[in-house]
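Alright, structures below, take your time with them.
Paired with subunit B in one complex and with subunit C in the other, subunit A is shared by the two complexes that follow.
So, the complex of A and B:
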């Protein structure tokens, strides 16, 4: 299984997109009339949140593929997508907190549906790795993790609807049906930043897949050379360890 | 399928009636939690959204106890193996267990909700009883469906009593939101306020989505 193909082009593309996005953020997009410079954290925070949520849902889609085909590579894809989304989600909560502190004066605002639903989703996915870790049999680990990923993936949109219904309207609706009230420069910057973040996610995902599958293949080569006795026993891990 | 489901339900209810493993524990837990809330909040009576929150958080935590034990006998006494060897539809186990958990919750609430009214609730919810019953039943259905799925997921892990609440509680947040928003006006001081029926729709939607989802993926938790 080769996961490394096309990685160089992808890395260059995401580096370029991120650079352009930051250049636009600092030199092109206007300062927000109300919030001033701090509003520019929006170009990191919102794309990161959108990409993380899409990553969670993608983890669910690969989990469906794994359950249908039994292919271990799909389990690995699902695991890595959720893993990287979790890392991004920590970033979303941190940047969101900083922004909330700067614009509303509090580190955390409870009557804020988008923030709260994101926290709930994060808490749910934070159990993904403990769940995998506490199942020893690799077959069952993959299958149970897939069931979790599917249920949690479906939970993401439902949770956002429920929390938003109990809402106030503090949070800016950037992607509302009216398209928000963003002027053109801001929207362009936002779209480039979103594309950059999405590209970065795919690149990181592919790197992690390549690295994980390389170490799994290395291990199986070592086993062929030295036999089962010559290998250090596997540590129990949340990550898939067989392909 | 129907015969299998009813056989499984009868087995579980008989087991519970003879051994009293889950329902009394859930009930004791609920009443103790009401007492804890009385001292923790330092109030002798509650009304409105505070009362709804206390009731629903307590019922949810009591339900987690039931989820933890739901599949324990299957795992420890070989029930899973026996079931897998029988020539029956595997989904029957999910349907039966969800109905059993639903029955357990109803049984707990038959005592816990009156206890809550006597111990903590300030207004008399008598005239809002039909609405309260609708909220309770719809929320129980959601908790039963999700609880059965997570109970089956957790019982095969090494850290069962940790994994089940950790996964189930975030998943059930929408139920708590909808149920407490719907029952808060029923508990309003000075008579029930207008009942927000849209929360019943949310609960029904949640039940339907997770019911179908759990029905679809449950089989994968059984394959050996």
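So, the complex of A and C:
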């Protein structure tokens, strides 16, 4: 199985899109009438949040595929999608805190549903790796992790809808009929930033899939060459160890 | 809250974008470490193959 095919073109597209997005943010998009220059954080914070949440859902979709087909590659796809989404979620929490401090004067606001719900989603997925690590048998590990990824993946859109319906205190609603009414320059910049972030996610996902698949295949080849007795047993790992 | 003046807002915006870049750089450096491990494993694998071929050569010579 080759996960690395087309990685070069994807990497170039990601770098180009992110460079164009940053150039648009600082040289094309106007300053927000209400928040001023600080609103520029929006173009990195919101695309990262959207892509992270979509990545969590994608992890659930691959988990469904794994349960249906038993294909271990789908377990690997699900694991890596959740892993990269967690990295992006850390970025969302950090950039959000910086923006909150500048705009509201506080690093964190506990009674704001958008912030707290995202933290809950993050903490939920933070349990994914320890869950995998706690199960030694690879078959059971993949199956239990798939169930977790499906349930948590279904929670993400439900959580998103609940937050939409809740009354916002301070956090703006970006993709709504009223709050999403951005001027053309801002909308274009946001779309390019979102496309860049999505492309970066896919690139990192494919990059890690290729790396994990290469090391799994190498280990299996080494065991076959040396004979199973010649090598120490596999260490327990949260990542899938078989393809 | 009123909009922050550019001088005050600048460091916050820079910090947010630096967080993003730092995350990507940390991720890439972790991937580079993993790549190093894969390279080492390939080295071990080629050593194994070499040892095997040497052993089979010796066996062939003994037979002759």
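Annotations
The rule we apply is simple: the second predicted complex is superposed on the first by the 233 of 243 C-alpha atoms of A that agree within 3 Å, B and C clash if a C-alpha of one lies under 4 Å from a C-alpha of the other, contacts with A are read in each partner's own complex, and residues count from 1 in each chain.
As a working rule, a residue touches a chain if its C-beta (ideal position, glycine included) is under 8 Å from a C-beta of that chain, and two chains touch if they have at least 3 such contacts.
What you see is a predicted model, and the numbers here were worked out from it, not measured in a lab.
Annotation for the three-chain superposition on subunit A: subunit B and subunit C fit side by side. Legend: residue contacts after superposition of the two complexes on their common chain; A:221 is shown touching subunit C, with no touch to subunit B. In the superposition on chain A, A:36 makes contact with subunit C only, not with subunit B. With both complexes placed on chain A, subunit A has more residues touched by C than by the other of subunit B and subunit C. Once the two complexes are laid over each other on the shared chain, residue contacts for A:158 go to subunit B alone; subunit C is not touched.
By the touch criterion defined above, A:103 lies against subunit C but remains apart from subunit B after alignment on the C-alpha atoms of chain A. Of the two partner chains placed by superposition, only subunit B is touched by A:120; subunit C is not. For the pair subunit B and subunit C, the least inter-chain C-alpha distance in the overlaid model is 26 Å. Those residues of subunit B lying in contact with subunit A across their complex are 149, 153, 156-159, 162-163, 166-167, 169-171, 173-174, 177-178, 181, 198, 202, 205-206, 209-210, 213-214, 217, 220-221, 223. For subunit A in complex with subunit B, the residues that touch the partner chain are 67, 120-121, 123-124, 127, 130-131, 134-136, 140, 143-144, 146-148, 150-152, 154-155, 158-159, 161-163, 165-166.
Interface residues of subunit A, counted against subunit C in their complex, comprise 22, 32, 34-38, 40-41, 44-45, 48, 87-88, 90-91, 94-95, 98-99, 101-105, 200, 204, 207-208, 211, 214-215, 218-219, 221-222, 225-226. Note for the complex: subunit C touches subunit A at residues 1, 3-6, 8-10, 12-13, 15-17, 19-20, 23-24, 27, 31, 34-35, 37-38, 41-42, 44-45, 48-49, 52.
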